[in-house]
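A, B, C and D are the chain letters, set down in written order, and residue numbers restart from 1 in every chain.
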C-alpha cells in the first residue's frame, strides 16, 4: 500500500497528508508542513522537510509528539489501541508474545519512566533485540530528563524514517537498513562449499536463543539472500551455526578423506554481536575438517 | 597407595597378588598367573603377562571375568556392593548423580542387555562422556552376541590397563591418557594473550553442558596445565569458551584501539568433538577483535 | 572493428566471410560453410557451426588448417609475414621481444617439431606464460604424431574461439576468459584496507619475474578492476606483492599501534600458480601487522 | 676452549685475566679490575663488574677502548692484524668475502666516520645482516659526536657480552641470543606436516638473497633445531620457503585429493623482518593445497 515520490509530488495536499500523516504518530501537522514544501527530488529531501517542520514547531507540539507515543508493550498496545504501525513494530519485536512476568516488568519500567520523565519510553524497537531493548530501557531510566528528551526525539526520527521508507518509493531512500550475510569456503577443495545448512539465532538472554533465519548455501557458497536485510539489524548477540560436519561427510569420501566419527568439527558456531543496526555484517566461514576461521568481511 | 614395579618384582607372590588382584574385577587368578612370570622390565610387559593369563584361561573363567563385572549404575553400584575401583569410576562418570528417570533408563538398558547377551554391559566409562555412554549402550544392544563378547573383553582390558597404571609406577607405562589443551594468540600485538579467562564445557546432551574446567591464560597465552590430562579424554562434544572481548577491553585502549560496545567478538566458542580418548587435542585461538581462527594443532 | 551477431545474420554471405574468414588462419572456407547455416541465436551456435565445418572437412583440408599456421617466433613472424591476428598474439606473448638466444632456441624447437611431426608447432599462446610455453613445447616434442595431430587441432579451435569472441558481439559468447583478482582485509580494524599498493608479477623463469599489473586498493579493499580479466589467464606462476607495512605505518599510529621498524611484515608476497586459463582466481589477503592468510576464494 | 665460572672464581688473578683479557679488545685492565671483585655467583654478575670497571675508568681509558677497536672490513681486518675474535666476527658477517667495490665502499665509510668522529665505526656485527649493516653505517654517519660516542660504547658492551658468554659457562648467562623457528601444520589431515623441505634465506639487498639454513620437517612438523638459535638473529629481512606442493603431491593421492598440476600452491614464501636480534621469531605455516596462514607465534 505504498506510493511513489512522484505521485506524492503531484497529489493534492490532502492526499499527501493522508499518505504520510501517520509517519509521525498522531501528528499529521508534520506532513501538512512538508506538503507545502513540495516538490521533493529525493525521499531524503522529503524527510529533511518533515524534520525541519518538527524542529521549528512549538515546544508544546514537540512535547505532544512524544507524549502521543504509545508505551512499549503497554496497555494501549495490548488492547490494540495504538497506531497500526506501532502494532506492527511491537509485534515484530515479539512484544505481543511476552509472558505475564515480562509484561509486568515492562509495565513497571513504563510506569517508572513516565513517573520520572513525564513522557512515555520511546525507542525504535526495530533496531533492538529483546535483550538490548531491556538493557537500554534500564540504562535510560538512569539518565537525566534533558538527555532523555533529546534521546526520545532522536528515536521518534528513527521510527519516522523507517515508516517513510516503507511508504514511499523514490530516489535517495533513507539509510535505515543493515545486513547479516555469510559464505562458506571449503579450503580442502579450494572452492565454495555448496549445500551447507546453516542457521542464525539471536540470544534473547545470556542462555536463550530464538531462530532468526535458516538457509542452505548455494553453488557460490552463499545464501540466496542475506540472512537479515532490508531492515535494521537488531542490536543483539547472534550465533551462526553451520553443519560443517555434514558437508565433509558428503564430499569427503569422494575425495578419499577418511574422517573420524564423531568428526572433530560438526556444528560450527560463530558468535558475534551487532552494535550498528545499519551496518553490513559479513561473517564468512573458511574451513577444513580440522580448522576454520572467520572475520568481519565486506 | 600405589607401588613401584621394582617393589612388585621383589615382593612375595602373596603381596604381588594383594596389590594387583583387583585390576581384573573379582579375578585375582590373573595376578597370580602374572606373579609367576616376574620380573618385568616395564609396566607394559607386566600387563602383557596379565593379558596372556586371560587369553589362555578357560572359556568358563573368561566368561566369569565378564559376568563378575558390575552393571553401570546398577543396583549393586547404588548399594555400594561393587569393587572400590568400580565405585570410583562410576562416580567420576557422574553415574551416582543421575535422576530417577536416568536410573530407570539404565536399569532398563541393563536388563535388556543381560537378557539379550547373558552378560552385564561392560564399558570403560572413563573413555566416554555421558551422551556417548548412552549412545554406545544403545548401539551395542543392537549388536550380535559374538561381537559383544569380544567387545566386552576388550573393554575389560581397557579398564584393567587404567587401573594398573594407577597402581604401579615404573618404566613403560600403558598409553591410557589423552589431552585437551589450548593457547591464545593476539595477532594485533603479535604475542600471546595473557589473562584470558576461558572454560571448557562438555555437551552431556544436544542442549545441556556441564563445566569441565576453567582457567586463565598465563604469560605464554597457555593454561598452566592442560584442561584435561593424565586420563582418557571422554568421547564427547566439547566447547571452549574464551572471554576475548574482555581481553581487548583490557589491552585495546592502551593500544588506542577504539572498539564498539558490545564488541563484535565477546565470548568466542570453539566447539569440537573427541573420538580418540588417548589423543592429544590442542585447540588454539588466534584472534583479533574482528577475526579468529582455530585448528587441531600439535 | 568488431561486428554484431545480428549484423552477421543479416549480412550478404560475402560480407559474413569477409568478417570471419580470418578466424581460422588461411581457411575462409570454414566461414563460408558457416554462412550457409545462418541465422545463429548465439555466438556459441555460430562457433559450433564452424567447428562442424572443420570436423566434416576432408583430411587434406584439415591438415592444411594445421600446416597453414605460422610457427611461434618463427622467421615468418619476425618478418611480419603472418596473419595480423597471429602478429598480435605473438606480440602479446612477448615473442617479438626475445633475445637472440631465445629466438635460436625457438628456431631449433620449431625445426625439430616440424621435422618430427610434419606440421608447425601450434599453441594458443594467449593461454600460456613464457615458462609454460617453453615447457609445453618441449613436452609436446616428446609426444606421438597421433596425439600431436589431435592436440594441434584442439589448439586451433582455442585460437579461433578467442578470435571469434573478439570479432563478434552477441548473446552466448564463448567461455575464453579467466580472472585474477584480490582484496585486502585489515582485521585489526575489521574493515577493508584501502590505499594498499600491490603488484602482480609473473615468473617467466624460476628466478626472473615480469610485472603484469599494479594497483592500489579502493575503499572496498579491492582493485577497481581485476588484475587480469577479459582474456585467458596465461598458465604461469604468479606472485602478488602487497605493501602491507606501508598500510599499517599509515593507519597504525592513528590507532595507537606502536609497531617496530623494520615491521615484522612489510612487503607480503603471495605466490600461486594458474593451471586453468579460463578459471577465476580470487586471492585475498587477510592481515594484521603480525599475521596474514590467503586462500583461493570465489 | 671455554672455561667455567667456578674455575674462574678459583683461578689465580693472572689466569683469570688470561682467560677474559680479550673480552674488551686491547683492554685487559677491564678483566684485571673484575678479578679483584671475585667470586661471582652468575655470569651476569661478572659482566656487571666488568661494565662497572669501564664506567668508572678515566675518560682517556674509555676513549682508548673505542679507538682500540678495528674498523669493519678495514685494512687491519684484511691483513689479519686484529684480535682473533674480531676476525671470527667479521668472517661470520661475510665481511671477508666482499667484492672490491664493497671493500671500497667500506673503506670510504670508515674514513668518513673516523674523520668525522675521531673513532672507528664500532658495531656488534653479529646483530646485523649485510643490508642492515650498511644502512646502520650510513645512518650513524649522519649522527652527532655525542650520540655516536654513547652508541659506540653500547656496541662495545654488546660485543663483550657475546664474547663473555662464549668463553664462560655458568649460571645466569647473558641474554645475547635470539631464535627463528617454524612448524608446518596440514589442516586437510589435521596433523603436523612431516617431510616438508624448507629453506631460510636472508635478503642481503632488496633483490639478492643468501641461504641461511635449510631443513626438512620432522614427525612433529617442526625442524629438529631452530633455523637460527644460540646467537643473535641478524637484523634483516628473511624469507622462509616451504615446498608445500611436494607435500600434497606426496600425501594427496593417498587421501584421494586430486590436485591440479601445476598446483595452486607450490613453493610458499613467508617474508618477514627481524628488528630484535634477541627476540624469538616463531613463524609457522598452517596450510591446505588452497590456503595458508602464518603469524608471529610463541
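What we mean here is this: contacts are C-beta pairs under 8 Å (C-beta built on N, C-alpha and C of every residue); 3 or more make two chains touch, one makes a residue touch a chain.
What you are looking at is a predicted structure, and each value in this text was computed from that prediction instead of being measured.
Asker: Show which chains lie in contact with chain B and also with chain D.
Answerer: Chains in contact with chain B as well as chain D: A, C.
Asker: Please flag the chain sitting at the greatest distance from chain B, going by CA centroids.
Answerer: C
Asker: Counting residue numbers used by both copies over all numbers at the interface, does the chain A-chain C contact come out same (over half shared) or different (under half)?
Answerer: Mostly the same residues form this interface, as more than half of the numbers used are common to both chains.
Asker: On Cα atoms, by how many degrees is chain A rotated relative to chain D, nearest 5?
Answerer: About 180 degrees, rounded to the nearest 5.
Asker: For chain B versus chain C, what separation do you get between their C-alpha means, in angstrom?
Answerer: Each chain reduced to its C-alpha mean, chain B and chain C end up 58 Å apart.
Asker: Take the average of all CA coordinates in chain A, do the same for chain B, and state the distance between these two points in whole angstrom.
Answerer: Those two chain centres are 46 Å apart.
Asker: What residues in chain C touch two or more of the other chains?
Answerer: 187, 190-191, 264, 286, 288, 290-291, 293, 295-296
Asker: In the complex formed with chain A, which residues of chain B make contact?
Answerer: Those in contact with chain A are residues 235, 237, 239, 260-269, 271-273, 275-276, 288, 290-296.
Asker: Quick one: in the complex, what on chain C touches chain A?
Answerer: Listed in rising order, the residues of chain C that touch chain A are 183, 185, 187, 190-192, 220-221, 286, 293, 295-298.
Asker: Help me check something: in the complex, which residues belonging to chain D touch chain A?
Answerer: Against chain A, chain D makes touches at 187-190, 254-258, 264, 286, 288-291, 293.
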